[in-house]
Amino acid sequence: MKKEIRISGFGGQGVALAALVLGKAATLYEDLEGVMTQSYGPEARGGASSADVILSDAPIAYPFVQQADVLIALSQEAYKRYRPLAKKDALVLIDQDLVQPDNSDSVKAIPATRLAEGLGRRIVTNIVMLGFWTSSSGLVKRENMEKALEDSVKAKTLSLNLKAFSTGFEYGRTRERPHE
Amino acid sequence: MKKEIRISGFGGQGVALAALVLGKAATLYEDLEGVMTQSYGPEARGGASSADVILSDAPIAYPFVQQADVLIALSQEAYKRYRPLAKKDALVLIDQDLVQPDNSDSVKAIPATRLAEGLGRRIVTNIVMLGFWTSSSGLVKRENMEKALEDSVKAKTLSLNLKAFSTGFEYGRTRERPHE
Amino acid sequence: MSQAIVAEKHPLDDLIRADRMPHIWCPGCGIGIIMRCYAQAILDSDMPIDKHIVVSGIGCSGRVAGYMKLDSYHTTHGRAIPFATGLKLANPSLTVSVFSGDGDLAAIGGNHLIHAARRNIDLTVVCINNFNFGMTGGQVGPTTPQGAFGTTAPYGCQELPFNLPGLLKACGANFVSRWTAVHVRQVRDDIQYAFSKPGFAFIEVLAPCPIGFGKSNGIDDGLEEMEMYRDRSVHIQEAKASEEEMVIDLRADHPIYVGRFVDRDRPPFKPAEALKS
Amino acid sequence: MSQAIVAEKHPLDDLIRADRMPHIWCPGCGIGIIMRCYAQAILDSDMPIDKHIVVSGIGCSGRVAGYMKLDSYHTTHGRAIPFATGLKLANPSLTVSVFSGDGDLAAIGGNHLIHAARRNIDLTVVCINNFNFGMTGGQVGPTTPQGAFGTTAPYGCQELPFNLPGLLKACGANFVSRWTAVHVRQVRDDIQYAFSKPGFAFIEVLAPCPIGFGKSNGIDDGLEEMEMYRDRSVHIQEAKASEEEMVIDLRADHPIYVGRFVDRDRPPFKPAEALKS
Amino acid sequence: MTRPAVLTGKHFMHGDHACAEGALAAGCRFFAGYPITPSTEIAEHLAARLPEVDGVFIQMEDELASMATILGASAAGARSMTATSGPGLSLMMENLGLGVMLELPTLVVDVMRGSPSTGLPTLPGQSDVMQARWGSHGDFAVIAYSPWSPQEMFDLTILSFNMADLYCVPAILLADEVVGHMVEKVTIPPEDKIDHIERKKPSKPADGSTYKSYLVEDPDLVPALPFAGEGYHIHLTGLTHDERGYPDMSAETHDHLVRRLFEKIQKNANDIIRVEGYELEGARIMVVSYGCTARSAHSAVLQARAKGIPAGLLRLVSIWPFPECIIRDLSKSIDHFIVAEMNLGQVRLEVERVVHRDVIGVHHAGGAMIPPEPILAAIEAVAK
Amino acid sequence: MTRPAVLTGKHFMHGDHACAEGALAAGCRFFAGYPITPSTEIAEHLAARLPEVDGVFIQMEDELASMATILGASAAGARSMTATSGPGLSLMMENLGLGVMLELPTLVVDVMRGSPSTGLPTLPGQSDVMQARWGSHGDFAVIAYSPWSPQEMFDLTILSFNMADLYCVPAILLADEVVGHMVEKVTIPPEDKIDHIERKKPSKPADGSTYKSYLVEDPDLVPALPFAGEGYHIHLTGLTHDERGYPDMSAETHDHLVRRLFEKIQKNANDIIRVEGYELEGARIMVVSYGCTARSAHSAVLQARAKGIPAGLLRLVSIWPFPECIIRDLSKSIDHFIVAEMNLGQVRLEVERVVHRDVIGVHHAGGAMIPPEPILAAIEAVAK
Amino acid sequence: MKVYDRTPLNLDRMVIPHGRVYLIPERCKGCNICIRFCPMQVLQESKGQNAKGYHYPEIVEGKEDACVHCQFCMIVCPEFAIYTDAGEGSTP
Amino acid sequence: MKVYDRTPLNLDRMVIPHGRVYLIPERCKGCNICIRFCPMQVLQESKGQNAKGYHYPEIVEGKEDACVHCQFCMIVCPEFAIYTDAGEGSTP
């Protein structure tokens, strides 16, 4: 098993944190190998940015995503830029309010930002998305993702984050199916 | 023909200038090859210092004096330090008031400092010595040494220097012989 | 509401590398504001545009050289001033300006700054002081106010910052002023004045850096920092303040003193001339 | 006339590397005088000798470290202050002094000087200002008075020198004084005072360099330069002089202003402490 | 909340942070540095962590100061370090040489980026390898390791400190942006399982006589230098010096000193050198690689093996001193050497020199990690 | 009294002064430097001479500034130079790399002394050879010549300026203290007999369109850079850049750029390289040497020949780019290579690499010129 | 007294001019500085966004003629994105 | 007023002491500073010289008892070559 996962959006959407949580869950609480990478630098400011995670049950030599198996897109620009780089049959998760997928593309959609706003803070959109991915992919156990979340966010924001995660997770488990 | 010449004394006696004049005369006005070297640096301050010239009718590869054929010594310390490094049968020229040669050593002596003081300025002792060497060695023509002197000293001190040179030269030509 | 007229070209586009717009600076970053002042000053100056040269070091502010449509040199971190010195001395007909950041000019480049000021090299130096190293991600630097936070000062900056005008004055610069990104007209005026003033001119401009500095220090965006400058700036002519009070302190209600600190006429550096005979 | 009593050992020999005497400094050089003041200050200080550390850069003055019988570090040109900073911060129980020349501290080392002063690192820095680079043979430097000659300024130095006390004051040092090699008691006193004063202390001492500076400038020997200092020194408390007049100018009858320029109590640099929980 | 120095346990950790944690685990309590991408996170992490363990963090005005300051701290007995990247390393060169000459152990972490000059600040390179060996004027020798993972950012930081102290020399951790910026699992052992080598100290207490700091009698050629403030009244100088540390301007002393500094590393090379072999069994084609590129090389070698090509990988964990003997030994049974590195040919030149024949290089000037494909292609090309 | 720029005629001249006069004869009118033994006499001489010819002499605050300043002067179109020695060269490394990246020609004179660190300031060494090649971070290439006499201090200074301008790269004159401080006959030709190569300039005048500073179409791989103030509105950056000089953070652009900078020198190596052979006829033992040491090597070879030993001398007048082809060609007829140099083995390593076999080194770390005797002994040892 | 003054320095000298606002929307990064510092409060954040997702300024309803061509928006815009010219009805 | 004053600062406080002058002749470099700055003009240049050729100080004839042990010669000697102690007849 080897999965290349790309979480993309624009600066400030917390794609790196989402990738970190995912990587932690898989490597520390499941027995997977995992590596996370990300683009750096001033030329990376604004525009689309991404954080990538590779998970595998064997050691990972080349640490960069070559063709993503999973693409999470939180902005139109990110979708535009990264969709062509992902596998044709990749699992593509989008925020349905922010991304208009190509007609031919079969994606799983969630109004993540709206759900996050519903929880009171737009900045947890990334975590909503992570919950959504967790239920959609089934690759990493929910409780392990939650443990990883605990390690990664400030104590005072934990409950909000857990709620966001759960919102995304439940959305995926209960309502997402039809879009496939 | 190859001659290694060392002019030695203490700092401020102008041994470098003397060596420079000698080198110029030989290389620019006679058709000799010549190289001048000298010791540098703070540890070389005070104590004995030397300026060396090698003259030859063939190109000179190794530019440092290995065993001097000629040693001009303007201080006791310089004599003490450099006499053993020179050839046994080297031509040794000393200021007889400043240097007490070893008994066994056959040297040519001149009261150079006293003669310079007689001309009014002690600092031309080096040039007196150069004149003395010119007549004693016969290696470089007097007029060539004088031309080199012209190139090397400030215009306003030239006549003094020429006088000093001539004093040394004449001393050597007329009076020095007996000491041999 | 209605749309503004959509344009393709800005009146100053001939002076900037419009083909590189938008630039890399973050939304609300003050560097672009100061660069515009510079472009305007060039336009308004007596020297032909072709003779204006801009040199930068490394940093966000150091990118200015890359956006001005002049002969422009983006050098190494801290070395803009000596590079500019070489340009100016080798061709005195050039009007050479240095644009760089507080870190570039006052941290790694501090030695060149003080010596060029001492020698009074005929340069116009614009220092964009955003109180931090923006480019590398918000580290503190020699201009970070005491108590401010940065990624290398998670417990707050304990060092006192330089008071750059005071430092430059002590070194001997001919012209020294301090403004903020809100003082756009004064900045433009001083840059233009510096072009024609012989000797070393140093113009410090406080500028918002919402990403590097604001984020660590509870300043939400560039606009908020601009408003702070507007509200807290006090002209030195209107205030009696000691040298020590001129040090920038963003805590409490400490004023930010701005204005022209030095304007004098020491002879600028020129190479020795041999006595012709 | 009669002989002085011939001795083998000097009362301060336990503080110096007597096995290296005589030192390399030229006859009449002032460095040895200042080094003696330092040795005396150590002897008179409250700190145990073993805890006194001396760090030098490169230059004639930089050789001081090699002649003091202390743990002593002769580093690279210009880097004595950061090396000393490492020593002091890694072991705050040490009393760390820096002894170096004007070129070492203010030319190549200028950036460290201003930043250490700004940070107020707890060091005692003695700068032997002989107006030139003695070690390399009399080149001009950032302290060479205008109009003076040097081997790299055969037509006279055109640059204005730093006024070091003014510079250090602008940077933020806690203690700044200037004396000459004639003011042996004041130098000793200030060094000793600096040992116990927290923060950055800078003591500039003008010292004769008959070989590097004197020779090019018609000063016959160290003694003559000592007499010039004696005759031209004016205490800043006795004179009303502007900052600009404090700049050393050896032409005409310009006084040499000496004294304590700064003595203040800004907190010295100390590493951040995490909030213990 | 303050955390202990050694964060025993499993972590999903950023390479630069792993380096910082390795330093803390090694007992490093002194960091002086100047920010530069892609090493800045080491400084930032230590700015937060060192105060938690009563250590000193200081951000200097430049890299010249950083290097000099960590040497001063070392002289006072601290395990000290800095972190930088190419442009900063260039600025440290003079004082790196001072560290070599004074024999003060310290650690310089160089997280390599696309070079020369400002180059590609946020992208990877491996082109400071030769600079680490030759960048300061004069002959000298240092120790350099090259991690290929965040775990090794941790492990080799500790090893570097130990080797630096053992041989009284600055060590360089030649990391690259890929390894510095990637996040991977890092296991931190319990504190008592972490190797710690102490610096050699004088065997006798100070007694007022002139202590001979550089009198070296042990066969390892390493002196026993006291720390500042211990009463030995030592003198350390960057000038050529005798056993007392006093300046001595003779060519003999110089040759003796410089050779010892050099041979101190050469003679102990076997103790310092670390290499790892993969698929060595029966290999006829040997890929030599290091740092992040070795990950791709490993992958390429496995793929080649899968195709039946007898390829192997020699991964240089240490780069300096160069593992000459190991490579020369290996070369007897190897038909083709391939060096894969993110530069235009640096270690390749060394391998060529050592194996006395031409060596194939898989090079890229930097900006992106070399993927396995070109390495595999090179293997296949010679396998034909 | 002011003298002309070219002092045509015969002189008994100090090596450092000969270098300075060479610079003036080459049209250099800009010197920025910082004093350091044994190069200071170059600065001192130019401080007196440059004002006589309306040139600029400026003493900077340090070597970092010196290097940056001469690059600025070069950007303005001046032939510019600095002079230093090892410690200063170490400090110039970052900005040397900038010069390479911006493709600004200039001259750095390094009068080598006993190293590493402060070492032996007034005594000779030859141990900055590898530093000249590898001292700045990243891959790069420079041009370096090594004079063996004051005459060559003059001649090679001119050649260095010409090659720097021809290939838009900093050149390094790797002199040593012996050659820098010795006084010998120097013949200065008439002004019109002095070679002068102009920098390539744009073929079209500025026309307001974006001038592509780094669009390189000529087979020599050298761009045509305008000077500052000519109206082209060029941009030069130490960042990786495209043909317009604009930053471009792609790995492809980087590889393309860095390779061109490197190959610009490699491809033109035949034009740059200068070697001299002595007693090559029938030689089976080849001594390779350079700088002052080559004088002793020459003497040793002559002595060997006198004893009937078929020894020859290959003197490297240029060191970088390394004369690989020449040495490899030679190696076919040579049984033994001996490299004589005042360091612990630098050019020797290159020769070993190139000739694919072990090479005998006659080394001394510095402080005193290697005399002919040990070189002769090495020749005799292999002749047996 | 504060140095900065909201009233443009040259306002009093002008025969109340009329300005037209121009914008290069793709350059705008939505920093809002022009909006907040316009002395006439002519500008407001748009609902729409450019390709990068930034909300550029637009003209407040009813303020189409309120711009006095003081140029402050041009002067403070960090992006060279906005400027004005003298509209027809103004005295130059 | 000049800061430096030839009169040693503590002279007035002292019960005119008597000093003995000690010298390490081989360290002396003949700079004459001690000689010129001795407030009692106790010292003069010797005719004799040390091994390096320097003329070290000696005591002026008739001034054998003139030294007041002010220590200024010790304080200014750059060579750690000269010092004094309190001679027998002096109050310490």
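A few comments on the model shown:
In this document, chain identifiers A, B, C, D, E, F, G and H correspond to the written order of the chains, with residue numbering beginning at 1 in each.
What we mean here is this: a residue touches a chain if its C-beta (ideal position, glycine included) is under 8 Å from a C-beta of that chain, and two chains touch if they have at least 3 such contacts.
Just so you know, these numbers come straight off a predicted model, no measurement behind them.
Common neighbours of chain C and chain D, by the contact definition above: E, F. Considering every other chain in turn, the ones in contact with both chain F and chain H prove to be B, D.
Between the chains E-F lie more C-beta contact pairs than between any other two chains. Here the spacing of chain B and chain F, counted between their Cα centres, is 37 Å. Taking each chain's centre as the mean of its C-alpha atoms, chain B lies 62 Å from chain C.
Separating the CA-averaged centres of chain D and chain G is a span of 58 Å. Those residues of chain E in touch with two or more other chains are numbered 37, 47-48, 51, 57, 61-62, 64, 87, 94, 98, 102, 117-118, 121-123, 237-239, 247, 249. Shared interface positions of chain C, defined as residues touching 2 or more other chains, are 26-27, 58, 74, 76, 78, 107-108, 110-111, 115, 142, 153, 155, 269, 272-275. Contact of a single residue of chain A with at least two other chains is seen at positions 41-43, 46. In the complex of the two chains, the chain G residues touching chain A come out as 29, 51-53. In the complex of the two chains, the chain E residues touching chain A come out as 10-12, 37-38, 121-123, 178, 181-185, 292, 295-296, 298-299, 302, 369, 371-372. Contact residues of chain E toward chain D in the complex are 1-2, 29-30, 32, 47-48, 50-52, 55-58, 60-62, 64-66, 68-78, 80, 94-95, 98, 102, 206, 210, 226-239, 246-247.
Residues 1-13, 16, 18, 21-23, 25-33, 36-37, 40, 180-186, 221-223, 226-227, 229-231, 233-235, 238, 258-259 of chain D touch chain H in their complex. The part of chain B that touches chain F in the complex is made up of residues 20, 23-24, 27-28, 33-44, 61-64, 66, 148.
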